[in-house]
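Pasting the structures in now, so scroll down.
Paired with subunit B in one complex and with subunit C in the other, subunit A is shared by the two complexes that follow.
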Partner chain A sequence: MLITVAGVKKEVKDGLTVSQLIVDEKVETPMYVTVSVNDEFIASDSFESTVLKDGDSVEFLYFMGGGQ
Partner chain B sequence: MITLKKSDYEKILAYAVSELPNEACGLIAGKKYENNKTIEKVYLLTNIDHSNEHFSLDPKEQLAAVKDMRANGLVPLGNWHSHPESPSRPSEEDKRLAYDSSASYMILSLMDRKNPVLHSFAISGTDSEKEELVIV
Partner chain C sequence: MAFTNEQIERYSRHIILKEIGAKGQKKLLNAKVLIIGAGGLGAPAAMYLAAAGVGTIGIADADEVDLSNLQRQIIHATKDVGKAKVQSAKETMEELNPDVKVNAYRVFVTSENIRELIREYDFIIDGTDNFPAKFLINDACVMEKKPFSHAGIIRFKGQLMTYVPGQGPCYRCVFKEPPPKDAVPTCKQAGVVGAMGGVIGSLQAMEAIKYIIGQGDLLTGSLLTYDALKMDFRKIKLPSDTCGCAVCGTNPTITELIDYEQAECDGAL
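Up next, the complex of A and B:
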């Protein structure tokens, strides 16, 4: 199936989960990454159970914060 | 070296002042060539911590900004935030939460309201190094 990851179209296997995609994409510091699928944010405890579908658009956002 | 337009500096400053006493924050995007970065657009985002000591970017606004960068052929260059009551230098928390060693972390100090100070830093682990910042 074809999905879009960070604006780039990619062919991936059917049944791919968000967790697997994080591994495949070699996402650094995944504990600090927020994932959106079709502009909907996915809770981190749902990464394992969220199965991607053909045509999905996925974005990885790194948490950005700090303090003085 | 990192280059920022004066109009964008003024945009950041005005927003940071408007958000006092809380920290303000946002993203920077532009072009990168070897060690030179040119900021072509600054993004003013909501600090969802609404705090004078912490900031976290609003993820929804962050997502919209990333899409806007892509649509405009810009690359993410880093982020900026204000320190309402402390100098322009990365705090321990700033360093701890700086995950991207290739990013620029700009800090605007409003400690002396009449003399705001903006510096840009590269942060890697517990080390930070001031970058040459040129405002044109």
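Up next, the complex of A and C:
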């Protein structure tokens, strides 16, 4: 199936969960990433149980603490 | 309030814009913006807002200028090393534009002082470098119903979002609570390109200006991310349903400000 990850279309296997996508995408701080699927936030305790569907659009939002 | 001839000349590039004009310039001269953090983000934001003729600019920071700051904090010069950052920033802004009244606050913002500090300002700019401060600013702005610009920078990346009360998510809607100490690297640990503060801090100044003149679309409901290595700007739409948020939601569970523990490495900046 085809999903969009951070604006880029990707072919992934059916049944892919948010947790597995985080691993596949080598998310730098997997414990502290905010995930949205089709503009809805996914609670971190639901990453494992959230199965992605064809056409889904996933965004990773990262903590960025610098400024000084 | 009529413009002086000098002001007409100084602000001519603004006044000629149909979105600003004389009316918008007067709004800028009457506006009050508070910048928290006189560093990588706060420096360019403060300088552009001073140059733009924002009439009152508050700047809050407890630190002194360090040699390692000068790679990015362009409001300070080599001669300022050792001086209070807010004093150095005030001098630069006043030299740039004598129309601007600068209020310098040599303090760290805390749950004790922040609400009073932001109360007299129209727009707040978060130029801090740590999560406890970023959450404190967010929560205080939600409680005091103040618009603010959040930004963060690290390495070659930056992010930005604008909160306006009642117009979309706050920072805590996106990031529920600060990550544990040292779980996410700081600029001091990971590095940052100086120009990143220029790019993102200037965008914060632009959001403040647009808010003051009441023109254009603010970055409410979206998070702008910038990846300098890929030269990629992305505007990520955020969920519009914020009713479950702990601070800005319909039944907030956070009703008092929290002083989270600050990472030790953030002290020296």
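Observations, loosely collected:
Keep in mind that, in the parts below, the second predicted complex is superposed on the first by the 63 of 68 C-alpha atoms of A that agree within 3 Å, B and C clash if a C-alpha of one lies under 4 Å from a C-alpha of the other, contacts with A are read in each partner's own complex, and residues count from 1 in each chain.
Methods note: a residue touches a chain if its C-beta (ideal position, glycine included) is under 8 Å from a C-beta of that chain, and two chains touch if they have at least 3 such contacts.
All values derive from a computational prediction rather than experimental measurement.
Of the two partner chains placed by the overlay, only subunit C lies in contact with A:40; subunit B stays clear of it.
When both complexes are overlaid on chain A, the residue A:62 reaches subunit B and subunit C alike. By the touch criterion defined above, A:32 lies against subunit B and subunit C together after alignment on the C-alpha atoms of chain A. Look at A:7: by the touch rule set out above, it reaches both subunit B and subunit C. Residues 7, 29, 32, 34, 36, 39, 41, 59, 61-68 of subunit A lie in contact with subunit B in one complex and with subunit C in the other. Within the complex formed with subunit A, the residues of subunit C that make contact are 37, 39-42, 63, 69, 73, 126-131, 134, 151-154, 157-159, 173-176, 179, 183-184, 186-187, 190, 192, 197, 223, 234, 236-241, 269. Per the touch definition, subunit A reaches subunit B in the complex via residues 7, 28-29, 32, 34, 36, 39, 41, 59, 61-68. For subunit B in complex with subunit A, the touching residues are 23, 25, 27, 49, 51-57, 59-60, 62-63, 66-67, 70, 79, 81, 83-86, 90-91, 93-94, 97-100, 105. Residues 6-7, 29, 31-32, 34, 36, 39-41, 59, 61-68 of subunit A are the ones touching subunit C in the complex.
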